[in-house]
Every structure is written in structure tokens, then in C-alpha cells.
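One chain, chain A, appears in both complexes that follow, with chain B as partner in the first and chain C in the second.
Right, the complex of A and B next:
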């Protein structure tokens, strides 16, 4: 039971990282990216290809085509992340040239389908439908942990990576770059008129999303120790987008909550249903119904999601030079922060 | 060009833009010299706003050249034109709705290439905070000047029409451009704040910004503009001081007595 919980939590942490990436392209940049799971797969394959040793020519290990680089875990994950970003740059360059949403959705969907087709072919690098497998537990050559200890370790590692991704993305979100991205999302004409290069900003945001996806994918592959084309499809992208919608577009904390609810809690709860009925296959269907229903309910009644996007709040009394004077005419409506010097620092705060 | 006279900051030659059969801008020629404060007037539908769209790069001209600060800018993308020092406000205010008023102002401060992922990640936190504080102080000072300070933490979509116009003008004031194209900055603003915006425009000029002002209130145009360009049906019909132009039959015709009433 504990082992099961550890599994759910590990996959949950990795999924949360993936949702953070979707949130960049969809929440920040405002673009539907149906190729997202392709970047997850690219990260996974890249990490596997870099990490796998040269295979023995035995029937149990058909991966004789692998480059056999046998790279260690950390550089492989980093390079896999970079490969995902590079792939997203290439796709984005094509998809984002024309700025219509439907155009982008079609191009990204086609890209994902093409990549599935390419990897499914029995080629000599990625193993076709069988995929790549046979990875040794990363870092365990040094750690020498038993199966239970190792699963705890990998869970800790995934949570650490989630935290890292969260902190890095929060920092970018609050930076001038994040602000420019949101301006492009909110009104691209005005953003262009105020000096923003729409294509270049969108492209960089898109590549950042791809990088996060590939990072999550690399962690996922290192957890599964295998990866194949069946591991990813448009369904998974849809679920990730659901996590963003339910959690709160463009709010990193919100989308982590959304991902835990939609992708971790919901499937677990729905597993209880077969216990109540005689139909043992009802669980996944119930999960899909509840998940899709959740999106619809959310969009209808709370389009901002559980936690809404945060906006910069100024709590200072203003710059020193602003000696409070009573304006001759004031349009001021009472706001919570008006004139109250609560702290000395300005901060980004959640919208109540 | 006359001997001794400096080259104009903005030189528009043969600018043309048709929308299907509508000749919105149809061979427009004019120039604006550095430091000038020029009014652009004309009846509704004369093509004034379309000229602003063309100059700022949001629309591509069908024909014509635009020299700005010695460079041909026609057909350049809007961000390049902004970087060259030309900023504009919108006749229909375009705030970034789901961002706070403060964020709207912060975005108006020219990024100067500093809005990159690498800078976001690699700049030490103390430098980030210092830069952010400096930007905020500038933005808040402008917010105070245009009575937006109490609204600074509100979403921009909650602003009234007049407040949006104030935000629109405040954003321009933050960009400190060489040339500001102001498309009816006063429309819908109450008289007290119109005075504030008038002062704002004068401040812009004092700080070295050249201003091209589109405005229907001719009394106001007369008060603050050195020179007026009259556009009718996509072309420049006349230029000169408003006092000279009052007797011009083209202008009188175009304005149908509005000039006399102002």
C-alpha cells in the first residue's frame, strides 16, 4: 500500500512538472499546443538514448541500435531538456509565423502525429513500437539502494525537480520577460505598439514550455526505465490542459493543484467505483467523465480556475516623492491597498 | 528643403492605404519637424487614425515612404518602429485587461531588450529588486500624475472609459519617445483631467518629445498646437496655423462651420 502511494506520488510529481510546462504555452502565451506531449516524448527518448549503454547482442536486449553513450543521469536530463527546447523552437518557428489560434492548433497537432508515426516505424534508434527499455536505475550505481529505498529516493528527486521547476518558472513569470508574454497574450496589438516582438516572444515562451515538457519526460523515462510511442498521445495533452483549466491558468500553484486533482486524485477515486458495482472496467470511464465534466463546470462557473492568475500588487505608500496630496478630483473607488503602507516591499499577491 | 532648416523628424510622402474600395489614406504628404507640436485634424473618416496605424507599423501601407529620424520606416514591424522612438496611443484604448493598472504601466516602460529568459534567471535578486523598484517608482509617479494611483492594483478591465484614456496617455508618457502620435487622447475625459492631459502633452514637449495630436476640439488644438495639418478624404488639404486656416474654404467646407463655432 505504501509502495503504491509512493508510485502515485512520483507519477503525480512528474505530471505536475508537465502541467507547469503546459501552463507556460497555454497560460502565459495563450496558445493551444497540441504537440506538447511530443516534447515530453522527445525529452524521454533523448534521455534514454543518451543514458543507455551499448547493448549486448543477446535476444533479450534488442536495443543494439542504441548509440551506447551511457551518459550519467544529470547531463542526460539537461541535454534532453535542451533538445526539447530546440524541437519546440523548430515547430514554433513554423506554427507561430501566422498568429491565428486555429492555425497553431492544426500545425502542432500534425507535428505530434508525425512524430508518433516516425517513432513507431521500426527504426534503429528508437525501437519502433517496442520503444527503448532496459535502463538501469539512474544514480543507483552510486547509491546502492534497495527497491523500496530507491523508490523513496526517486520520489524525493521528483519532488525536488518539481520545486525547482516551480521556482524557476515563478521567477521567469515575475520578470520583465513574463510580463511581456502576458502583455502579448492580453492584447498583442498593444504589445507590438509598445515594442514587443510578438513572434520572438511567443517563440521563446513556446520553447520554454517545450523545455519543461522534455524535462518532465526525461524524469518520466528515468522512472519507467523504458519509453515507447504508446506512452503518449493527444489524450494525455487533453488531461494536462484540464489540469491547467481547473487549477487556474497562468497560476503555477493553481495548476499544480489542478494537476494533482485531475491526474492523481481523480483516477484514484474512480478506482473505488468498480468496488461499488460489478462492472470492473467502469473506473477509467468514470475518471474521464468526471475530468471532462470538471473542465466544463470550471469553465462555466469559475473560468479563472481554482487559483486565479496573480497580478502585481503595490502595497507601498508609493515612491518617496509622492507626498500624499488630496487630488482635486478623484475617481478612486475604495481598494484594499489604498494608501495603506502595510509593508515596505512590493509583491505579487494572489487575487482574493 | 530650405537652407538652414533642420531635416524634419518625420517625413511622409505619398502614403496610401485602401481597404477594398475605401480610400482611407490616398496619397498623404506631410512633415513634422523635431520639437514641433502639430495638430492633425479633419472630419470623421478622413483617415487620421489610419495614418497613425501606418506610421506605427500596425498596418502596412500600399504605397508611400515614411522617413523617421532619417530612416525609412514604412513596412517595418511595429516593435522596430517603437524602438526607433515612435510611440502612439490608440483612439480606442487598448489596455492589457487582465493585468493590473500598475503592470500596464510597467509594460509601457521600454524593455530595451532586457525582457529575456536568461536575464530573468541569471540576474542576481538584489539587482532584480532594484530594477523593479526603479521601474515601479517611475510608473507610480506617472500613475499619481494622471490620478490612476488609487487604481494601481485594479485590473485594467475594471477601468471606466475615461480612466482607460488616462491610462493610454500615461503609458505614452512613460515611453519617452522622440515622436508621440496621440489619437484623440482627451476624448471621453472629464474637463478637469483634460487640463491634466494638456499639461502632460506640454510636459512631453518640454522633455523633447515631438507631438502629432489628433483632436476634434479645435479650441484646444489652437491653444496648444504650433501648426495644424488638415486631412480630408485621405489627403492633406491644407497646413498652417489654425488662425490662417479658418478662412480656408477647403477647411470650412470640410468642417461645415465647426471652425466658426469653436
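Right, the complex of A and C next:
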């Protein structure tokens, strides 16, 4: 039972990191990014091929993979993060320059599906359908922990990484860059009028999201010790996005709660109904229906999510701030400042 | 040449589905990511009817009815309540994907997640010029042409079509001039569902066996065709479907067929990069910045 809890918590912590990344492209930048799981996969694959020793294809295992540098854990994860950011830069350069809204959703989904096709069909790039596997437990060559001790250690590592990602992202969210991003999201015309380079801002935000995704993916692969095309699909990214919507778009704590609800609690709830678990064929289907139905109900009755994005506050002080007024540089339009961001600011995603 | 023949059949199916989606999009201005499920329910309805009768028109009728009902339900239960609240595109997106999951899983409960076999029409092969088609292939293409011509006449010549175009242009203006916009939108969804359901049945007949993810797997191909043609443009959608269908089937002759859909997506990326308004563009509007 404890071991089970540790597993759920580890996966939950990794999912929380992933959802923080989705929140950057979806919540901060305001783009429907369906290629996100491709960056997770890129991070996972990159960490795997950096850490694994060189592939030796044999008649029994004909599939192989590139690189195989046998690097240690930490540099591999860092390089994997950078690779994810670079991939997001490339895709973002194509997707964000001229397109908006649904078009970005479609082109990013297509990108992800093309990458899936290439990785599954080519047997000598990343191991084809079988994928890459056979990684030794990272850092355990130095630690010499038993299986139980090691699972505790990895859970601690994941929670540490989650905290790190959370703090770094909170800091960026409050930085001038984060504020500019939100300004672009809320009213791109106004932001452009104040001299913001919309494309460059969006692209940097997008790459940041990709980097966080790849970081989470590298941790995930190091936990699973294997990775293959079945590990990532549009379903996964949709679940993450649902976590963001349910938790509260652009609110880091909210999206963590949302992701825990969707990815960890939902499967547990379905365990409570013996009717569902006793019938193994329809149980998962009913759980999915409940989950998707829950998302629809949530969107209908609480469109801002569980924890809404905090309203922007004028911190300049002074007597004039006692009088209600529109700030000279408005980072949020009035509708958003009152907290009903998701449901009302329909202009954000309009087709210009 | 064999590839071109298959391509024309694929293009017919894609064209039906794409035109239905384009019509729904141009009138309602919401992108329906559950569009694939309209096809899937059509395929399952035809599969159920095929158990008791091999009558092809009856199966087609069942497919269209199932699609039409689902289209109507999606509109009334899902899209209308949110559109009325001015939901953002992000919300509509999550909503329609959630709907698509629900429908897929309901079908999985009803029919199981494994492949079901669906045989429709005869598989007698004919040589027509340089092409080789089965009887069902020819039926598919004829049905597609008939439906598309019928749709063209409906939109251009009937009062309903005129009202549709008015709503597509400007809902408020249409409403002030006495067009029942809600009714037109509801009828458009029903029409969209019926045509997509028919396309689903034809697709199922082509592939022979399918699962509840039949339409979802085809969704992005349909989006590609719609965007390549210029989204919301009916005639562009037909052209886009032709391009996508031919590229998919002809490329499968030369390279690994697993890359079939990737080729369609490559065309899409190229079009979005160099001509984001699509091949065919209306003079007055552009949907992409």
C-alpha cells in the first residue's frame, strides 16, 4: 500500500511539472498547443539516448537508437531540457508567426502526429515501436539504495524538481517578461502599441513551456526507465490541458491541483465503485466519460477554474491609487481584473 | 496510376466530411473537434443495420440519421449553451474534445473497443480507363458527387441556403432582417451530421473494419483538407480534399504507407506557411492573420 502511494505520488509530482509547462503555453501565452507532449517525448528520448550506452543491434533485437553516450543523470536532464526548448523554438517559429487560435491547435497536433509517425516507423532513430529501454536507475550507482529506499529517493527528487520548477516559473510569471506575456494574451493590439514584439514574446513563452515539458519528460523517462511511442499521444496532452482548465488557467497552484484531480484522483474515484472495477471492459470507459463530463460541467459552472488567476494589483501606491482608475499601462482589461478571465475575454483569441 | 485511382476514392470520402465541416464552421464559426465522431456514429449505425439487411441505401439512411441526431445533440446540449456565454476558443476546444472522448467511450461500451467488420457493396473490380475500382469505390465516388452537387444547389438556389449564407456573413444582420438564426444553425448542424455520417459509412466500407476511434483518427486529415482549401470555403474544401486524398494515396505507392497521413500534414504545414488563407479565398474575408 505504501509502495503504491509512493508510485502515485511520484507520477503525480511529474505530472504536476508537466502541467506547469502546459500552463505556460496555454495559460500565459494563451495558445492551444497540442504539440506539448511531443516536447515531453523529446525530453524523455533525449535523456534516454544520452544516458544509455551505445546500441548494439542484434538479430533478436534489431532496433537501435542514435547517440548512446552513457552520460550521467544530471547533465543528461539539463541537455534534454535544452533540446526540448530548441524543438519548441523551431515549431514555434513556424506556428506562431502568422497563425492564431484553432490554426495553432491543428498545426501543433499535426506536428506531434508527424513526430509520432517518424519515431515509430524508423527503427534505427529511436527504437521504433519498441522504443528505448534498459536504463539503469539514475544516480543509484553512487547511492546503492535498495528498491524501497530508491523509490523514496526518487519521489523526493521529483518533489524537489517540482518545487524548483514552481518557484522559477512563479518568478518568471511576476517578472516584466511574464507581465508582457499576459499583456499580449489579454490584448495584443494594445501590447503592440506599447512597443512589445508580439511574435518574439510568444515564441519565448512557447520555448519556456517546451523546456519545462522536456524537463518533466526527462524525469519521467528516468522513472519509467523506458520510453516508446505508446507513452505519448494526443490523449495525454488533452488530459494535461483539462488539468489546466479545471485547475485555473494561468494560476500555478490551481493547475497543480487540477492535474492531481484529473490524473491521479480520477482513476482512484473509479476504484471506489465496485461496479466499475468488477467489469474490466467498461470500467475504464465509464471513468473516461465521468472525467470528460466533469470537465464540461466545470467549464459550464466555474469557467475560471478552481483557483482563478489573481487579479493584477497596482502596487505603485500614492494618493492617486486610492481613486479607482485605469492604470496607464493596463496589463489586464477590466473583465480580467475581476477574475472572470476564461469565459469572457473572447477577443483574445479572435481571428484577426 | 493505381495510386491516383485510390486517391480519388479517398478524396471523395474526405470531401464529403470536409465540406460538411466547412459548412458548419462557416455558419456557426465554431470549430468542432468532435466532428470525427459524427463519422464514427454513422459507421456504427450502418454496421448495426447491415446485420439485418444488406440493403445499401437503408444502411446509408441509418448512417445519415445517426450523424444528424448527434449533430443536433452536440449543438443543443453542448455548443449553444457555451456560445451564448461567449466562451473562448480555448474553452470550445476543450469542450468538443471532451465530447469526442465521451462519444468514443459510449461507443466502446456499446460495441467493445476491438475491430468490428463491416462489408458493404460488392467487391467486383472493374477497369475504368487506367484505374481499377471495385463496385463500392464507384458507388462512393458517385454518392460524393451527387451529395456535393445537391449541397451546392441547396446553398445557391434555395431559401434555406440563402438564409445560411446570411447567417454565415453576419448573424446579427441576418437576425434583424428576419432570419431565424437559431433554426438555421440547428438545421446546419443536422445537415453537417447527416453528411458526415454518410462519409463515416463510406470510410468504414473502404477500410473494412473499424473501432470507436475511426473518425477521431481521421479528424486531422479532414482539418488538413479544410485548411488547404481555405477553411469555411465549400468549394475550396472540395479542392483541398482532392489534393489531400491524392497526396496520401499516391505517396503510399512510393514511400512507407505509415507516412501517408504525415504527407497530408506536410502539405498542410506548407500551405499554412506560404498561403495561410488556403488555395481558394473569398475576396472579402481572411481567417488568418
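Everything below uses one rule, namely that the second predicted complex is superposed on the first by the 288 of 352 C-alpha atoms of A that agree within 3 Å, B and C clash if a C-alpha of one lies under 4 Å from a C-alpha of the other, contacts with A are read in each partner's own complex, and residues count from 1 in each chain.
One rule holds in what follows: contacts are C-beta pairs under 8 Å (C-beta built on N, C-alpha and C of every residue); 3 or more make two chains touch, one makes a residue touch a chain.
Note that this is a predicted model, so its numbers are computed, not measured.
J.: Is A:293 contacted by the first partner chain B, the second partner chain C, both or neither?
T.: After superposing on A, A:293 lies in contact with chain C but is clear of chain B.
J.: Once the shared chain is lined up, is A:182 touching chain B (first), chain C (second), both, or neither of them?
T.: first
J.: Is A:113 in contact with chain B, with chain C, with both, or with neither (first, second, both, neither)?
T.: Once the two structures are laid over each other on A, A:113 reaches chain C alone.
J.: In the superposed view, which residues of chain A touch chain B and also chain C?
T.: Shared contact residues on chain A: 346.
J.: Spell out the part of chain B that touches chain A in their complex, as residue ranges.
T.: 56-58, 77-79, 82-83, 87-88, 90, 94-100, 102-103, 106-108, 110-111, 114-117, 119-121, 128, 132-133, 136-137, 140-141, 144, 147, 149-155, 160, 162-163, 171, 175, 190, 192-193
J.: Can you name the residues of chain A that touch chain B in the complex?
T.: 168, 171-172, 175-180, 182-183, 186-187, 189-198, 201, 204, 208, 309, 311-314, 318-319, 321-322, 327-333, 335-339, 346
J.: What residues of chain A sit close enough to touch chain C in their complex?
T.: 26, 30, 32, 94, 98-103, 105-107, 109-111, 113-114, 117-118, 120-121, 238, 241-242, 245, 249, 281-282, 285-286, 288-289, 291-293, 295-296, 299-300, 303, 342-346, 348-349, 351-352
J.: Across the complex, what residues on chain C touch chain A?
T.: Touch list, chain C to chain A: 31, 78, 81-82, 85-91, 93-95, 97-99, 101-102, 105-106, 108-109, 112-113, 220, 223-224, 227, 256, 258-259, 261-262, 265-266, 268-269, 272-273, 276, 287-289.
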